[in-house]
Amino acid sequence: MVNEYVRQNIYFLLFRIATFLSVVFLLFILLYILKEGIGVIDIKFLTSMWSHRDITQGGIFPAIIGTIFLAIGVSIISIPIGICTAIYLNEYAKENLLTRTIKLAIRNLAGVPSIVYGIFGLAFFVLFLKLGGSLIAASLTLGCMTLPWIITASEEALKSVPLSFREGSYALGATKWQTVRKNVLPHSFSGMLTGSILGISRAIGETAPIIMIGATFFMGYLPSSPFDKFMALPYHLFILATQHSSPYAREYALGTSLVLIALIFMLNSGFFILRYKLRKKKEW
Amino acid sequence: MPNYRNIKEKLIELLLSTASITALLILIGIFVFLFITGIRTFTEISPTEFFLGNEWNPTAYGEPKWGILSLVIGTIIVTFGSLVIAIPLGIASAVYLSEIAKPKIRETIKPVIEMIAGIPSVVLGLIGILFLSPLIAKIFGLSSGLNAFTSSIIVGVMVLPTIISISEDVLTSLPNEFRESSLALGATKWQMIRMTLLPAALSGIVAAIMLGLGRAVGETMGVLMVAGNSRAMPISFFDPIRPMTANIAIEIKEVVKGSLHYEALFAIGLVLFVMTFVVNFISDIIIEKQVRKYKW
Amino acid sequence: MRYIYLIAVLFLVVVSVGCINQSRITGEVIKNIEDIEIKGSDTLLQLVSNSAEAYSEVNPTARISVTGGGSGGGIAALINGEIDIADASRPIKEKELKQAEERGIKPWEFIIARDMLSVTVNENNPISKLTVEQVSSIYKGEITNWKEVGGKDQKITLYGRQSTSGTYVFFMEEIVKGDYSAKMRNMEGNQAILDAVKQDQTGIGYVGIGYIVDEKGNHVSGIKIIKIAKDEDSVYVSPLEESKHSEYPLSRPLFQYLAKKPVKDSPIYNFLIFELSNEGQQIVKKSGFVPITADDMKYNEELLDKI
C-alpha cells in the first residue's frame, strides 16, 4: 500500500509539473512580448499613420483601424446568421438523421484550416464576385470562417439549457417562439455571446486569409469604403518580422504583437466579465 | 389574437430557417467551389504524379513538377512532432485540473489555458523567429534553427489548449459514481484515475487528440515563419520542411487565376479540407458516443 | 434587440447586392479612380513605399497603397485586373504576356531603378569572392561544401526566395541557369535571407542591395558581401563600388508595369513621372539602390513620348 501512495505522489507531481509547464508557456510568451515590445508603445505609435522611410516616426494607427473594421465586418456577417442558425437547428428543426448530419458537418467545418477559407475567399469573393481585394471581401471570407464556430458554440449554449425549461413553458401553453425567447435564450445568451466573441477574436488574429484578400503593407490613407484595401495588425506584424529592413523592425513587430494581443484580450475579458455577471444572475 | 400570434410564429420560423439555409449554402458552397476549381487540376496532371511524386516545383527552370509528397510529409512531421509535445503535457494537465487541483486553482488556471488558445499564430511565429529558433540552433549546434523541430514546438503550443480543454471536459463529465465507487473499494486517488476514469474517458481523450491533430494540420502562419521552407524531402527532424498549408499561403500570391498552378493549389487545399474534415468527423463521432455512454 | 441585428443584416445584404450589381455593369473591380494600387516585388517594396510616402507629402490628395508578395504576385494581380502598377524585379515572362493578352491587358514597362543584386555570406566566412560559375554550381547543389571553393570544411546552407519572387526568377535564369537545389531554403523576403545569413555561419544568400546598405552607404553588420567576377579571367567586382556598376555581373533593372497606357496628368502618370524625376531618383539612392542609367531613361522616354 505504501508503494501505491508513493507512486501516486510521483505521478501527481509529474502532472503538476505538466500543468505548470503549460501555464509557463503562456506566461513566457506574454512576458517576452511585453518586455521587448513595450519600448515602442507610446501615443505616437498608436495614433500615427505608418511611415516607411523612418519607422520610428510613424505608427500603426491604420493597422489598428483596419483590424477594428474587420472585427466589425465579421461580427455583422457571422453573428446574426450564426445565432439564428443555431436557434433554428436546435429548437425548430426536427430531430432526424439529416439534422444530425448537418450539425456534425457544421462542427467539422469549424476545424478546417483558415488557409482553405482564404483560397475560397480569393476565388469566390475577390475574383468571381469581383469585389477585389477589399475590406468587404476580407470580412466576408473571415465571416465564413467564423460562422461554423459561432454556430457550434451557440448550439452548445442552447443545449446546456435543460429540456425541462422548455417543457414547462409549453405545458403552460406558450408558443415555440415565446418559449425560446423567454425561457431558453436568456439562459443561453451569455454562452452564445462568449462563443461569438471568441470566434471574432480568432478571426482578427488570422493572417493567412487576409494576405491574399486586400491587406496592404503601406497605405497613406485610411480605408473609407468597404471596397478599399486596408492595413491590418497581423499582416503588418508578419511583414515587419520577415521583410522589413529597418533595424527597428523587430521591436516594432513585437510592439505590434503587443497591441494585437491586448486587443484580443480586451475583447475576451470584457465579455468574460460580462458572462460572469450574467451567470450570477441566473438562479437554478 | 391567435391569428396574429400564428403569423408571427411562422414568420420567425421562416426568418430563422432562412438564416440556417444561408449558412448551409455558404458552407456547402465552400466545398463545391474548392472542388470545382481543384478537380480541374487532374485534367492536366495525373493523380499518381500529384499524390506520389516527390518533387513540387511549379516554376522550375525546365519542366514543372507537381508532386505533393514532400509537402504531405512535411505536414505529417510537424503534426506528429507537435502531438508528441502536446499529448503528454495536455492529458497530464487535464487530469491535474479535473481531479487533483483545488477548485480555486482550477478556476484560475483554466482561463489562462484558454488564453493561449487566443494568441494568434503570427505572434507565436514571431517568437519562434526571434527567440526560439536561434536558441535551438545554439542548443543543438545547428547552423539554423528553422526546421521541423522548431515548428513542432510552436504548433505544439498552439494545439495544447485544445487537448487540455476537451480532455478536461471529458473527465469532468464522468459521473461521480465512478470516483466514489472506486475510492470506496480502497483505491488511492491515482489508482482510481488510472483504472477507472482514464479507461472510461479514453475515447473522449482520443477525440480530443484528434481535434488537436486537425488543428495542427491546419496551422499556417506559425509554421511558415519557422519551417525553413525547403522543397527537399525532409529526412530528419532538423531538416527544413514545407507543409501543405505554408505552401499554399506562399504560392497563392503569384498565381494567375485559372492557371494550372492556381488549380493545383486548390487541389492541395482540397486535400487539406478532406483531411481535417475526416479527422474532425471521426473525433466527433467518438465524442458523441462517449457522451451518450456516460451522461444520463 | 435581435430585430436590430436582423434589420442590419438585411440592410447590408441589400447594399452589397446593389454594389455588386454596379460592378457587374462596369465590369471592373470597384475602386476610386484616384487610388493607385501597387503590388509586387519585395525588393522594390521599401523603395516604392518611400516614393509613395514622399509623393503623398507633396500631393496630399493622392491615395497610394503598396503591398509586397513578390514580382510574380504583382504581375499576376496586374493580369487579374486587380491593381494599377506591378513592381517587378524581373522582366515579365512570355507566358505572362500571353495571359495578359488573353485578358485584354497590354502592360507598359518602365525602368524605375537599378539593383546590384548581392551575394552575401556570414561575416565569419573566409571566402570573399566567387565567379558566376561557382555561384551557379553552389545554388544548383553541385558544390555542397565551402572547402570546395577555398573555405572551411562546412556544408553550405543555401538561402533563397520564394518562387513568387522576381529575384528568385532573375537569379535562377540569369545566374544559376538551371534548377535550384531542392535543399535551398525558400525565405519570405530579402530581410529574412539577410537575418538567416547573419545567424548561420555556413549560409549564403542573395539580396537586393537596398537591403544591405543603410542611408549613409555603409553595409549592415554581420554579413560579408561577395565580389563577383564574370569568369575566372575577369575582375572581381563588389556591388558597392559605384564606379564599377556597369561591370558588375548581377546588375539588373527594376521595373514597374502599368496595366494600360497611362493618361497624361492622371494620378498614375504623375506618380510615375515623380519616380523618374531627380527627386524620385534621389529617393532611389537613399533607399540603397542605384539610379537608372541614361540608357534606361532613354528606354522610358520612348514609351513616354507615345503618351
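Going by the order they are written in, the chains are A, B and C; count residues from 1 in each one.
We adopt the following convention: contacts are C-beta pairs under 8 Å (C-beta built on N, C-alpha and C of every residue); 3 or more make two chains touch, one makes a residue touch a chain.
Please read all numbers here as calculations on a predicted model, not as lab measurements.
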- prompt: By number of C-beta pairs in contact, which two chains lead?
  reply: A-B
- prompt: Which one of the chains is farthest from chain B, going by Cα centres?
  reply: C
Chain centre separation in whole Å, for chain C relative to chain A (CA means): 34
Message: Counting only Cα atoms for the centres, state how far chain A is from chain B in Å.
response: 16
- prompt: Multi-chain contacts in chain B: which residues touch at least two other chains?
  reply: 15, 129, 225, 253, 257
- request: Return the residues of chain C touching two or more other chains; collapse runs of consecutive numbers into ranges.
  value: 6, 69, 80, 187-188
Statement: Residues in chain A with touches to at least two other chains are numbered 80-81, 84, 127, 211, 242
Partner chain B, residues of chain C touching it in the complex: 6, 69-70, 72-73, 75-76, 79-80, 96, 99, 154-155, 157, 162-164, 168-169, 172-173, 176-179, 181-188, 195-196, 199-203
Task: Show which residues of chain A lie in contact with chain C when the two form their complex.
output: 51-53, 76-77, 79-81, 84, 126-127, 129-134, 136, 211, 215-221, 225, 227-229, 239, 242-245, 249
- line: Residue set of chain B touching chain A in the complex reads 5, 8-9, 12-13, 15-17, 19-20, 22-24, 26-27, 29-30, 33-34, 37, 88-90, 92-93, 95-97, 100-101, 109, 111-113, 115-116, 118-127, 129-131, 157, 160, 164, 188-191, 211, 214-215, 217-221, 225, 245, 248-249, 252-253, 257, 265-266, 269, 272-273, 276-277, 279-281, 284-285
Statement: Per the touch rule above, chain C residues touching chain A in the complex are 5-6, 8-9, 12, 16, 19-20, 23-24, 27-32, 35, 37, 39, 42, 45-46, 49-50, 52-54, 56, 62-69, 80, 82, 187-192, 194, 210-211, 286
Query: Residues of chain A touching chain B in their complex?
result: 4-5, 7-8, 11-12, 14-16, 18-19, 21-23, 25-26, 29, 32-33, 36, 80-82, 84-85, 87-89, 92-93, 102, 104-120, 122-124, 127, 144, 147-148, 151, 175-177, 198, 201-202, 205-208, 211-212, 234, 237-238, 241-242, 250, 253-254, 257, 260-261, 264-265, 268, 272
